[in-house]
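Right after this note come the structures.
First chain A sits with chain B, and in the next complex the same chain sits with chain C.
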Partner chain A sequence: MSRAPLSRACAAVLRRDLTLAWRRRGDIAMPVLYALIVTTLFPFALGPDNALLQRIAGGAVLVTVLLAMLLALDGMFRSDIEDGSLEQLVLAPQPLALMLGMKILAHWLTTALPLIVIAPVLASMLQLPAAIMPVMLLALVLSTPMLSLLGAVLVALTAGTRRSGMLLALMLLPLCVPVVIFAAGAISAAQQGLPWVAPIAWLGAALALTLVLAPLACAVALRIALDA
Partner chain B sequence: MTAAALPLLEARALSFHRQDEPVFGPLQFRLRAGELALVEGDNGSGKTTLMRVLAGLLHVDEGELLWCGKPLDRDACQGEIVFMGHQLGLKGDLTARENLRVAIGLHGCVGGLAPDLTLQAVGLAGFEDEPVRQLSAGQKKRVALARLVLLPARLWLLDEPYANLDRHGIALVNELLGRHLDAGGAALVTSHGAVGFHGGEPQRIRMHA
Partner chain C sequence: MSSWIPLWLHRLGSPPTFYRFAGALRPWMLALALLLGAIALYGGLVLAPPDYQQGDDYRIIFVHVPSAWMALFIYAVMAVASFIALVWRIKLAEVVAMESAPIGAAFTLITLVTGSLWGIRMWGTWWTWDARLTSELVLLFLYLGVLGLYHAFEDRRQGARAAAFLALIGIINVPIVHFSVNWWNTLHQGSTVRLLGPSSMSDAMIWPLLTMMVATKCYYLASLFARARTDLLALESGKEWVRQIAITEGRA
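Right, the complex of A and B next:
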């Protein structure tokens, strides 16, 4: 008999979730399309004033990406709870927090990464100068995992409730305020030619903290949800 | 008493309450390696709840659970207990083989067994690459049975393993149970139907609502 080593277990969970996401590729496209449409609405609503669009571009892209991620967040554990896969994951002889971390990583790869890829397109639709793009991408790369991690904890907390989508948004959005402030702060600092490293460093620090704590909190919340 | 003679799982005055309503108990039983226990009771008598408590999905309210003579420590005996409930824990979008591979990745595998061989053994030859979503309820159950066989666990907790299965399926469950017990495993099985188990008279645990 052979027990499964941790690395194989992590790879198994990650591969499982990525395969599942690939079998439902249409769902991956939804947040991307949503972000595209929302960004298209800004010039229509505000008028074709390049200076104005340029000023709001960074913030608008950030908020759009955030809301697009929220769309996909709700389903993170739902199907696993419904078909009993989560019970099997809880009972597996592996550290649950790490396994959930892998699930969150898979979720980030399938929802946030496509959004980050199209973010330069969104930003150029709003006339963000090309020189600012790297800062914006850096801010997105640091802030989107934080949203996935915080979101996962809240999804786990609301796992037992029916129609948790709205509740999730109400709980997650206030937590996102600091993330948005620092990410948008970095972009607007770069636009004004000011140093932008400090807010990015804050984002990095916050990400390190959530990276360690969120999977643990998530594991505890899911155990409670299954206990109910 | 030597370690081998100690019961694998022992329950002492085990009971469970949901919002101060008693669900079952107090229950008393001992399960040794190589033994099978049938949990019997009417609908709503708490059979599934008992299974979930033993699996570690629900907390023990009152009473004590002992594993090999020591108070049950979930971290110490993780992977020794597998649970098959009403929800089988199979992903519909993955094929039978992929589902088994995930389980092996998480639990490890009994030496000398492979997903394809085990799927053949449970009568699913030719269905390895079929998405589980497209299998019938009985065939899904067989995939879950294949998973049981593959995982290196000593105690099987089977909640209604005979549901959805045809005559051959029921015989298959009994055969798998027999082999598991012969290999030194133990099993707790809930069922409200009559079960024709061949390996001697099993222990019976009566549940009262």
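Right, the complex of A and C next:
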């Protein structure tokens, strides 16, 4: 068996996943629609008080994006497990961690990126000032990959189980507490006119760490879960 | 190389040996836990003087603080057992890790409940988003996640291995959560009520606390032994030694 060069293998995995996602464009729209609905509900529940909405806007958008990502997380490896292509990936000579990293990247591109694109719309629905938008987008760009990576580890762990939706939320909550704290901390610091670089820097550091470790952990988790 | 480890310690890793060992030790542990617990409760509720600020309300710490210690201690035990289970694939380590989780979750819940009972009297609220309270709540979710994952698998050993991995991820996460929650709470520093500072306690209060700590440890061991024995019987149900036990106990 000839060994395909690593970069070619990576590109192939990425292209395959993106093509699959593109063939089912409706699924990409689902988290976006979900985030829009949740954000629309906030003013109904809290009253159309602009000052109040403005104060919760950053956190509300962040939590909405997180929940929308959680909704899509469940399906990250499902079709691959069902048709057996994930097992082929495990057996492939290329390092599994890298291949899974590509799959996570594809998942981030198809779920988180659309959410980041509409995040300014969600934020302006809740009256977040335009000056805060860049900080919010920066926080989202740094925190959503982390959620994808951490989520992928947990999805891999539940790969061998039947029902995983609620369980995934339960397992993800402790892991995403720090992410939410720092991302929301940056936004609220910017809103109060305080320096917001420190929490953003922490997010960046955490992302660098997760970027290296999570694919490895994901590979280990997948081997455990498929080890039946 | 490891000749300094007595041979019986190695043998304890085998399910039938551990089954007998745990069965012999369990009543003693349980008796010790009840005895020490009763002494500690008497010392804490009757002998110890009331606090000059909090009156008699502080007495809940004799349950609250040992439970909080146990919540963290059991998580550490679970993580160590998980590591052993994943690296050396020892069946007993899997059993210990997975049977520790419900006990730890129970202690965490007791900590949260007694804490809010104390909070309603002292702070005037059941719950506040204090850093320590939040960390404890996250710890409870970690325990529940491990338990949920373990029971989601149909194959118990596979479930144990997956949940053990989750427990290891969790132990990396615990300090991160603790640090970030501290940071978060100091950022939003409003009218946060502080827990008791690192004040020195009088001897009359500290000895019941330490006795209770030993009592909870004994209770944990007793409970773990009982749970592990049941689990081992279920896991090894096809083996000869289980058949022997079933025959002898069926005859008795």
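One rule holds in what follows: the second predicted complex is superposed on the first by the 226 of 228 C-alpha atoms of A that agree within 3 Å, B and C clash if a C-alpha of one lies under 4 Å from a C-alpha of the other, contacts with A are read in each partner's own complex, and residues count from 1 in each chain.
Just so it is clear, a contact is a pair of C-beta atoms (placed from the backbone, for glycine too) under 8 Å apart; a residue touches a chain by one contact, two chains touch by 3 or more.
Worth saying up front: this structure is predicted, and the values here are computed from it rather than measured.
Participant: Between chain B (first) and chain C (second), which, if any, makes contact with A:189: first, second, both or neither?
Facilitator: Only chain C is touched by A:189; chain B is not.
Participant: Once the shared chain is lined up, is A:181 touching chain B (first), chain C (second), both, or neither of them?
Facilitator: Touch status of A:181: second partner only.
Participant: Have a look at where A:158 lands relative to chain B and chain C in the superposition and call it first, second, both or neither.
Facilitator: second
Participant: Between chain B (first) and chain C (second), which does A:221 come into contact with in this model arrangement: first, second, both, or neither?
Facilitator: second
Participant: May I ask you to decide whether A:167 touches chain B, chain C, both, or neither, giving the answer as first, second, both or neither?
Facilitator: The second partner, chain C, only.
Participant: Can you list the residues of chain A that touch chain B in one structure and chain C in the other?
Facilitator: 227
Participant: Can you list the chain B residues touching chain A in their complex?
Facilitator: Interface residues on chain B, with respect to chain A: 55-59, 78-79, 81-83, 85-94, 98, 101-111, 152.
Participant: Under the stated contact criterion, what part of chain A meets chain B in this complex?
Facilitator: Of all residues in chain A, those touching chain B are 1-4, 8-9, 11-13, 15-16, 19-20, 23-24, 79, 82-94, 99, 226-227.
Participant: Which residues, counting only chain C, touch chain A once they are in their complex?
Facilitator: The touching residues are 86, 134, 138, 141-142, 144-145, 148-149, 152-155, 158, 161-162, 165-166, 169-170, 173, 176-177, 179-181, 183-184, 187.
Participant: Considering only the defined contacts, which chain A positions touch chain C in the complex?
Facilitator: 153-154, 157-158, 160-164, 167, 170-171, 173-175, 177-178, 181-182, 185, 189, 217, 220-221, 224-225, 227-228
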